[in-house]
């Protein structure tokens, strides 16, 4: 009975629905994109309508919002934050800088393509993305979760070596605890 | 224990907000319209765009690439490339919009672009959003342009002041003006496409802008040894396609060239600045017939490449049409002498007063040289074909100009009619004004149909030349001494061409007038005179409508004969002749050096 | 424009520090150039006697061509509303200076930054070390001989897919058969000018 | 011994009902908060989905046995508390495990969860959690005093330590203890504010200060358990206060009305107030609430 | 007995810090005994990037230096370049600039209100004030085309003229925000608990304030009346009538009240600007940006941002690119040396509260 395919499927649907309806975002303003998070979360755009709310620590969070560029110094902390998060977890890349460097394409201190270092589920275009765009990003993520396609964490687990290599390339002094699954 | 009762209770007044309707924008259910100026995704009007790449240059994020798009070819005034924005770089500052010379690039109200594929952020405006035109928000039209659309005005002599002498009308830019004017250039290089010589225009303009005039001169001399001439009299096709000209006045490319080349005011100085690399003699010898612009150009570059070059010139001065055909107020004599002087320093040999066919035969030249370049120009004027044309006082414009330029006396009296609408006609008219005559131009078609440069036409009008369009001369009336007395002409109306060609003038019957004149100057065109070429050779040379047919290296159907200048192109201006000369160099080089191998 | 108080300050400075080159740049701005060893006494003089109590800014400029670093101090007098810009040049090969954090505690932060970004050693400041960067092992990045474009290109992954980009000038030249000589190329003001 | 099946049923479904009510109250609170904040807020079921999601998360946090046990302590404490609180007056199903002296027992069992958490958090090694726990315990010391005073006053006044007896005594509207012993109610309700942990007494979680405090190392299922426990505990406390001061409830509708009204006191206070510092919070409880508590006792003793 | 010291890392991932930075605290019990600011998490090397960009290309990137209030950056760069070039700015542009700067100040104060009360646990306030801030952002969007990054003030004037009827909409928004002020007062500034939290916390000693380089509202919160807008009036501030509020105490409360009153002053300034705004040109064009050479020279310009003196030191060597642009963020001093000093002795509960009251904005510290 328990192993019944249909039962599993129903559990999956319920789980995915719950995951989609309750997205807790770790409160980490990594870049200047953080400035459009308050309007998104507060009364004018009210992202809580979608069950999106902030969470103070990575342990409790589902979504890591990379709000723009990441300096190498921040990247180190972001990786740590990401690895502290519990599965299933999602990453949203926010703004041009996460895609191809944005306006910091020639800066010596920022990474240019986020997906080389962390598995990104959704990219949102803009510099800054407006609150509407941010919400669209979340809606896209919800769709992916509902369809069971937002499996960035899975990808990370499978390709950990590759990610580690890329991460070590830019983080010179790699003093980090091992990833505990 | 003091209790701040107000402080404890007043916060609770906030609870009354609970009954107010929330002001939340319930996106995506409700959509708030973005502002009229919102800076969203790009849109590019692909037809308007000329692919100048200014957007790509200004972008501090290197977000814009110029790429080839299906259906757009490189052609005159269009590089054939179109911008593509990397939205992973863009910051929507819209500098690209404000800098766009054509105004084709703009931003739209769309901004949502969400995907899980990081490689999907390359955005070709206009291709990826063909409907973007309806959503345009941030345009360059609304603000002030970033580029300078106003040309630095060229100082000129006052119209009535000019006619008193043959002094150069255009005074030229001073240093500050030149820097400012050069700074207007966006450096796209679209101009080089249409320039027959493909001069390195953006480069020398940039050099001028940076105050490096010598570098500019060196760049100009790289493929045009008559840069100064061009700086004064070029027909400057480049300016018609200038990116800035789409919405403003084009960069004064000609005047800037003039400014730069004039900085080197003698042949020695040119040599010092240009200091070209001269290859050691390679033992080959080339003969050039005619010391016009094409011949001189070819001779100069052939000399630099180690060829032994001799020019055979029928007249006593070099330059051909630029020497004799262009009035001195546009191109002073000294200027040509300076430029030719420099070429002679570089090893070009010119035999003056050596008319081929008269002083030396074509076959002799053939014997002496391995290759021959013919650049004789159109020297034989067309006749009006009306009665009285052979009367005294009826002159051909190019003869008239030649006489004036070689300071031989010409008597045209005080009332002149010029027939024709080309540059030669205008030149003749303006020269006549300087000789003290009242001048009327009779032209078959409308003023806007005149092939002459509008600047020239305006200049003529400033100087008091009367232009009488749609007038067809019928007869030149003479007095008893067979001297021109008057000209009879009829007014014409324009008949549209049923085949879609340009409208043709048709004489209005009976609408005939007579003007009293002391001279009639005909300027309705010229042709070439190939009589010096032996018939057996001439037979082999393919011609078409009076011009010699050449390949892209100016080679005629007889391999060792090259042709350049007016006799080989339809443009009939100095810069095309120079271009021909430059190309002929490559042809000759190929012919002779390949043979060696 | 009334430059009375600026000139008054200039006079006072010249009387005390004879070697100082004083220039009144404009209303409310005085520029003083001084030998580097005179800077600490001068700053203390400006603070204690000339009422320049607010250290607004402390900057460093790299004059690579002269092989010098220029330290620039901006002091503001709230009493007279005048800014004193004090400048001094120090050797670029072995850049050293003394700390002025005893005069203004916030100078410590500026010195930490200048140390990190230019490699200037401030004697007496014990907090020099990592401030903004982390594990930096290249040239101090704000030095003009450090090429950030090159560094970024070498160290970071840039997304492929844009290789089909063409240069407008080159495309036209190629199409028309124009050969741009090498000496002219540096005058093409396209982006690869560097 | 004869098994009262109805009682067993009650024991089985009381936690479920408590959970559902608690979660729904949580959802409603979020909507009410949102409305006051000029926005719409999440759907009522939001808290439910939050908990379901938390349970569906994988959890890979290893800090030690105590850490695993902490949420279990919390939920045990909540459910135990719930079992000793009569939910519906004179109902066989929902009378639960009331006995003579259960009031005193409740006073103890209610802090049990917090202590369990304290042990667990101590092992997590997160300084924020440790600070949060010490804050929580300090504050507990603060509000326990007025609360105990209020309960003592009532126990003295009504000469019983059994909740069911208390409920039985308040069979009439004007017999409600809120009117009979207003000072005790004041003291208790102020302590209740502290117990519920809404602003200004949310020093324990305080995201901006200690990154949500004790639960900061707990994610996924642990947090789900804690949230469940919180929902049940909220219901238990509300019912307890209703039983003590508002005469309990004869049916579910009354229960919901009474508990919800009571619940709104800390919620609405929380919406419009910032947080105290810990020592301010303790000082607050030791000021007026304690005074009220002492007054209540004094009046009774006199 | 000396209590055991623990080390607490406040940030960089922490809801209490005002941006991506870290404060390393040594704590004995509840009291901070040592604080160390760690920055650099947002270092993008703007100053380096500007050295490899042409003058015009610098202008879109400077606004990223301070995100909550980007306009003083644009203003400073524009004014510095204008000073070196000797370029005149049309009168209308000056008025528009003042309007933009004051709107940005208001937006920033609203954001600060949210942060200040949010760090104290009053979560309704951010919902209100940040929500209301959006109306100002709407105005910016209409005027400049962008909500957050305006890229509007540039050398020679402003980028676009005011849209039709814009003044009326500004006035309407101002009226709305003014009508909201009593609500804010009731909820936050009159709130007994808020006052209890704020009074006597994070005190800056008045006699040290000037020497320590304190500027802006923290300085005025010490009762010292200095403001760049009156010390060195720029644009048209000398033609406008406004009060520079000061408050005694030097604590969080004083700074809060200073900002609260500045909000009202900004409303009044914008109303005056709209009343006095002349017609005419709004932009004195700079040359073609591809060939724009700024003559050699240097300038230090400053603007009163919401956090205090915001300075730019710009050096040109007469080329197409700047030689050096050095940014003095107001938080540079507040966020590092001042914060490290006044956190000592504070309760850990107040750390975030004090940081918010100083307006510590890491991107302008490390740039």
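We just call them A, B, C, D and E in the order they show up, numbering each chain from 1.
In the analysis below, contacts are C-beta pairs under 8 Å (C-beta built on N, C-alpha and C of every residue); 3 or more make two chains touch, one makes a residue touch a chain.
Model, not experiment: these values are computed from the prediction.
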Intersection of contact sets, chain C vs chain E, gives A, B
What chains do chain A and chain C have as common neighbours? B, E
Label of the chain whose CA centroid is most distant from the centroid of chain C: D
When you average C-alpha coordinates per chain, which one falls nearest the overall C-alpha average? Tell me, please. E
Chain centres computed over CA atoms; the one at greatest distance from chain E is chain B
Between chain B and chain A, distance of the C-alpha-averaged centres to the nearest whole Å: 57
Please report how many Å separate the Cα centroid of chain A from that of chain E, as a whole number. 30
Can you work out the whole-Å distance between the CA centroids of chain A and chain D? 35
Could you give the separation in Å between the centres of chain B and chain D, each centre being the mean of its C-alpha atoms? 89
Enumerate the residues of chain D that touch no fewer than two other chains. 34, 36-40, 128, 207, 211-212, 271-273
For chain C, write out the residues touching at least two other chains, lowest number first. 133-134, 141, 146, 148-149, 159, 189
Among all residues of chain E, which ones touch two or more of the remaining chains? 14-15, 40, 43, 45, 48-49, 52, 60-61, 124, 127-128, 131, 149, 187, 191, 193, 290-291
Taking all chains into account, which pairs touch? A-B, A-C, A-D, A-E, B-C, B-D, B-E, C-E, D-E
If you look only at chain E, which of its residues touch chain B in the complex? 53-54, 56-61, 124, 128, 131, 138, 141-146, 149, 151, 159-161, 163, 183, 185-187, 190-193, 195, 283, 285, 287-292
So, in the complex, the side of chain B touching chain C is made of residues 51-53, 56-57, 62, 65-68, 74, 79-81, 84, 86, 88, 118-119, 122, 187-190, 192-193, 198, 200, 202-204, 206-207, 210, 212, 215, 218-219, 222-223
List of chain D residues in touch with chain E within their complex: 33, 36-39, 127-128, 131, 199-200, 202-203, 206-212, 271-280
Under the definition above, what is the set of chain A residues touching chain B in their complex? 43-46, 49, 93, 96, 98-103, 105-106, 113-115, 120-127, 129-133, 135-137, 139-140, 144
Residue numbers on chain B that touch chain A, as the complex places them: 22-28, 31-32, 41, 60-63, 86-92, 111-118, 121
